[in-house]
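Beneath this line is the structure, given in structure tokens, with notes to follow.
The chains carry the letters A, B, C, D and E, assigned in the order they are written, with residues numbered from 1 in each.
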Amino acid sequence: MPDFEPKIVAFVCNWCTYAGADLTGTSRMKYSPQVSIIRFPCTGRIDFMLLLKAFASGADGIIVSGCHPNDCHYSSGNFHARRRWIIFRGLLDFLGIDVRRVQFSWYGRWGRSRATSACAAWA
Amino acid sequence: MNALREKARELLAAKTVQVVIGYGRGSGGSARAVFMRAPAQAAELIFDATCLQNLAVYLMKPEVRKLGKAALVATPAALRTILQLAAENQVADNSLLALAPVGEDIMPLATFAAIEAHVAAADHDLSAAEGAELGKFAAMGLEERRRFWEEQFSRCLKCYACRAACPLCYCTRCTVECNQPQWIPVPAHDLGNLEWNVMRAMHLAGRCVNCGDCSRACPVGIPLYLLNQKLISDVSSVFQARSGMAARSDNAMSTFKPNDPEDFIR
Amino acid sequence: MARIGVFICHCGENISATVDVGKVAEAAARIPGVAHSVDYKYMCSDPGQQMVQNAIREKNLTGVVVAACSPRMHEPTFRRACAAAGLNPFLCEMANIREHCSWVHEKGDATTEKAIDIVRTLVAKVKKNKALQPIKVPVTKVAMVIGGGIAGIQASLDIANAGHRVILVEREPSIGGHMSQLSETFPTLDCSQCILTPRMVEVAQHANITLHTYSELESLEGFIGNFKARIRKKARSLDEKLCTGCGLCAQKCPTRRIASEFDAGLGLRPAIYVPFPQAVPNKPVIDREHCTYYLKGKCRLCEKVCPTQAIRFDQEDEIVEVDVGAVVLATGFDIKHSDFFPEYGYGKHKDVIDGLQFERLASASGPTLGEMRRPSDGKVPETVVFVACAGSRDPAKGIEYCSKICCMYTAKHAMLYKHKVHHGKPYVFYMDIRAGGKMYEEFVRRAMEEDGVQYVRGRVSRIFERNGKLVVKGADTLLGARPMEIEADMVVLATAGVAQAGAEELAQKLHVSYDAHKFYAEAHPKLRPVETNTAGIFLAGACQAPKDIPESVAQASGAAAKVAALFSQAELVREPLIAVVDRQAPPLYSSCVGCFLCQSACPYQAIEKEEIRGRDGQLLKTVAKVNPGLCQGCGTCVAFCRTKSIDIQGFSHEQVHAEVLALLNRGDRDA
Amino acid sequence: MRSDNHAHPAGPALADRVLEKTGVDVARCYQCGKCSAGCPLAADMDFPPSQVMHLLQLAAGFPEYAELALRSHTIWLCLTCEICYCRCPMELDIPKVMDALRHESLAQKKTNPKARDIIAFHRAFLDSVRTTGRLFEMGQVIDYKLRSGHFLQDMLQAPWMFLVGKLHLLPERVRDRRLLGRIFARTSKAKEKRP
Amino acid sequence: MKTGFYPGCSMKGSAREYSESLLAVAAALGRDLPEVPDWNCCGATAAHNLDPDLALALPARILAAAEKEGMDEVLVPCAACYSRLSVTRHELLADEALRRRISGLVEADFRGSARVLNIIEWLAAIPGLEGMVKAPFARRVACYYGCLLVRPAGVVNFDRPEEPQSMDLLMKKIGAEPLDWAFKTECCGAGFSVSRTDLVAKLSGLILEDAVARGAEAVIVACPMCHLNLDMRRPNIERRAGKKYHIPVIYITQALGLAMGLPAKKLGLQRHKVAVKFPAANSAAKDI
């Protein structure tokens, strides 16, 4: 389906991934305009219900991205988030929702471009 | 059963407790909760295979708490519930008396330590049958599972009986009642039902003690216990954590280990 | 009804090149609640900010969305502008349609559509913003400087001279860093110790500076203005108060054949040693890995000869706890050594040395007391080849950047060699000469013209030993890339400057981000070079990227100025983006049920228990309460709380929920 | 990699064809000279490797540089000993570039006259492989002498080699020679198709 | 683990002694080396110099034949063939479309399942080699790797591309004293042996000069082309250098054979241009 334009929402942490996205901008790397970013102070702040709400509101794919373990600006936000993602992803899979539609990642400041290529390829 | 009645009469007479919560014969041969205030009522107490309801749910009801110190006929699930409520600072030590039926006689457990010892003696993991049923789901294909739950959730009326029956759903204002923002849509359409059921399961993750009351309460017979058991098995296999085992235990979902295992974060 | 002002910036043409800003302005005007929607070429310019302020006053706006660059760039600018116009600054949000939209997508409808989506998302968020007042937090006016090289020394002195107390933590037994190892410094060739040691003494004698040498940072907790640092003072096996620095122990110590780190492995030192004569503090340290007493329990000679009985073999590491308000990272750099190069012999040729080793050969306090003698047999080298770009500008070896200082110190080395060996023949293999500083180009010309240093343009392909000579196989690309061989007596590799070992662990202790090469990441490469993204932690010197002494000193003074500015206010104003627990009228008092599972989610232990009592003093409820001083606003508790009773200002439930719905086209009208 | 946000004239420049065939982007070469320094035969080359790369870099604007590269003696002297690729800081596969230039030089009949013997040797080598499936050394040397005209070369070696049993008079043949023939036909046809 | 054997054309002709010594050693070690059925020439330098497709086709057919025969790995003693087979396998596995096209061209489905092994890898993998040594090869030797055994590193990833050690370790196992010399991986002139013998004389001359200067008593090689240039071209080298070099050049398999006490005749030592003998003065071992 060539004209399938997937709508992708990226929940990102303000320190690593948002700054990484800025860096991707300053270095003019290209990625699909289907991806839009919502800023959170930390991945620890991303509530699983927001992911549900995003799917329910028509998002085709979701990226949740934050700082590498040990790099979190708040030291443990990403660790808590990881624990929730492990359980939440297990539940979604149990309910028959394709977990490939949710892409979890640690993107350091310079890694944003990897995210964009990943989602572009995936989409 | 008469050991139980004897104990209840004795407690009420000596006023060590103000109310004894136990099982009485309900309509159609079922068992229902009875709240005995006077020693004479102790005769109504029964305890047999039909007494499944987790009476600990009444410990959190304001109407019951008003009555004062309670004694509770406690099944193993109820004991685990008490310990989990303790871990969540909802019940204080020595604020209740658990009467654990062991065979024919009754084991009074007055302190959390006693309850912990009693609970620790038995095995509380998911039974082989429960594990097998979860395994059956894992074997099913993604599409097959989606259709199964879509059909189940389509029958949900959003009556929230499961919430009322669950001893750990004691929140005064549940997120469901939050309308700024409206997290869970009020109508019972399929998307709203999915969000509600996922939220309920996630909010019980690392807490649910697998008493099964939610499924028994559901008027349309949705196998809600499967959701909770799935999370119980995940939490115990991945994080080696078990709820309802100790009065002082931190919650699996609000703590972490630096090397929590996962294979999907790139 | 909300009255939102939307201001779309062209950013010159950075945005308008690929986003149809007019269309975005029109679409924004149609969003319910938007009372004013305009676009302008330079929103962040004075006229641009003026437009915003006028619109606020004329249209009585209750919220502002500026669609321009990243909030990390101009959010403070526009929030200040709104505050000046009487609108609470926290009712102003930035929509990032530059870094996240116009710069990363091709021109076209999809890009404009996305820009509209982003604006609509932020408009939805602004409607849910609340007016917030900044939090006032006390500032501990004590600075901690980590790293006692020239950058750390300069920063400490500047902060101390600004009247604040400084704690300088240095890992080595003495401060001085790499500069103390140098012989003379470019571009003036003045002796390194002569210009450095006075500063070192000044640090030691400065009333405001507490010096912890042979110590490392154990941990750092807290946040800007309120850090709590734990410093591990490694055991020197010596009572510093009693020791007079007479040096008798070092003279008598029988274990003398340990490679001296200070002499870059060329010289030897005893087990109890002072790194170099002008060390500050001039107190020895016992190297427990080599001292016979610690290995076999024998000897203790130093204890016997010590006139003041200052030796303490049983001394333990000591943890010192200090409250500091700001941290300056000045941990410096390291260099690659000759074993890093397969094609130059994997380090097996003794006479293929690195820059620091040459400095030690040239230095009067070095192993050869300044005489130019090669390490293998002590002969005076007749022909010396200097290889620039050894490891730097070499993606194949994982170091693609230029280390900036090697061209200059290579020219200096060649000159020093010529000054000491007049008939010597120095050659320099180079790719480009990068001498951009003041008096730098003239310095290199002097090396070529007055000291007859032969510069050959080409990179060395291989170095191997052939009957006593080091054959340097190079090519001269200015002579038709003819391969040529120079039989050298000694080769000095100007090796790549890299991050200090342990830089990554230290960064993780301070939650400071760092790049792929473990250099610390500055907040903004151009506009905030001495700050990090972690408020209250500043950078100085080569730990941020390889740089020379003048730049390190300039950065150190810059960082010191930042610290002084931070300490100039009585209180620190902090953004009020912190968590708050829901409170309501009786009888509920709060939706929080007091399960306190959020306490274990908070990394800053900012959640306390609050007892709610009725008028009769009877305990009604115990609910959570957030300590505004400690909460950093990470929001982990917010996403965990089952009853949504704890919310974070600036990223509240309502705000992010509105954002998600708006982004996916389901605006206010639905659900 | 070429940044794609401003258009590049993907014209027929030699460097673009080299990029397309070998994946090596000559724009990455910053002329450090390390390849020429290490090349065993750089001293005998008219354009040492670093200069061939520079010719390719400028060939787009100066077609005569492409000619110099294709007509150079260097591309035939290169023994593909891989020293340059192993030490190149930008990890450029220079031997592969030399291969590509040789193929173009042959295709456009611009081979350097000084390389006549080298090419003759290679051609003789492939003749033997095409006919017998393996290298028949004696046959190849005769074929080489016919092509190169050096009839008397190594005349003294031949008898000694025969005496010590190093010279086989009869070729060893592959059984499925027809397949070898088809392989050679298909590859030579593919060569015609290329520019 | 089935190990195939790809001799290559020179082993049948000018490098007969390499094949003889290899087979003798293999027999002594009880290792059979079944040849790749109906193997063809790998095209060596000629193919990749003149025709890119041919350069991949010839090796692809060899490997496909080995795979059909169920060989898990193929021993390729000649460094040039080893390089061509390794490069082909590397490129075809990296590019599926290319793999399909070349497989079509050679009418055989190349899968890349067979690993390509060089002589040192094969010898090093044989356990208990030291135990087989009867007469330690107690000589000072210069181990010469040449270019294609260790480069290009990304493709062959065998030992270190600069100053490799694997052959030195092998020689130490059989009692030799490997020298640290500077021309281990410098080029000997390879395919120019016939077409540009003058250049071979120069390059190989430099190699011998350094080996002799270090006091080496023999140069150990693992490639027929290197042996051809260093041994058979000795007159050209000596004429160009204006001096004599008596240092013998022997294959690693020959050195191993000698150490295992195999007779010199079976190892083909009599086929060398430079006689394989060591002046009695400086070594106790009996003259061969």
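Everything below uses one rule, namely that a residue touches a chain if its C-beta (ideal position, glycine included) is under 8 Å from a C-beta of that chain, and two chains touch if they have at least 3 such contacts.
Keep in mind it's a predicted model, so treat the numbers as computed, not measured.
Traced through touching neighbours, the fewest hops from subunit B to subunit D number 2. Each chain gets a centre from the mean of its Cα atoms; the one farthest from the centre of subunit A is E. Here A-B and D-E were compared by C-beta pairs in contact; the pair with more is D-E. Once the centre of each chain is set as its mean CA position, subunit A and subunit E turn out to be 53 Å apart. Chain centres here are Cα means. That of subunit A falls 28 Å from that of subunit C.
Across the assembly, subunit B contributes 175, 183, 253-255 as residues in contact with two or more other chains.
Subunit E has residues 161-162 in contact with two or more other chains. Across the assembly, subunit A contributes 28, 30, 48, 53, 70, 76, 80, 84 as residues in contact with two or more other chains.
Against subunit A, the residues of subunit B that register as touching in their complex are 137, 142-150, 175, 183, 191, 194-195, 198-199, 201-202, 205-206, 227, 230-231, 234-235, 238-239, 252-258, 260, 262, 264-266.
By the touch criterion stated above, subunit D contacts subunit E in their complex at residues 21, 40-41, 44, 77, 79-83, 85-86, 93, 95, 99-100, 102-103, 106, 117-123, 125-126, 128-129, 133-138, 141, 144, 148, 153-154, 157, 160-161, 164-168, 172, 174-176, 179-180, 182-184, 186-188, 190-191. Interface residues of subunit A, counted against subunit C in their complex, comprise 5, 7, 9, 15-16, 18-19, 21-22, 24-26, 28-34, 36-42, 44-48, 50, 53-54, 57-59, 67, 70-77, 80-81, 84, 108-110, 116.
Subunit E contributes residues 9-10, 12-16, 38-41, 43-55, 57-58, 61, 105-107, 147-148, 151-153, 161-162, 185-187, 189-192, 194-197, 199, 203, 232, 270-271, 273 to its touches with subunit D in the complex.
Subunit A meets subunit B in the complex at residues 48-49, 52-53, 56, 69-70, 76, 79-80, 82-99, 103-106, 114, 118.
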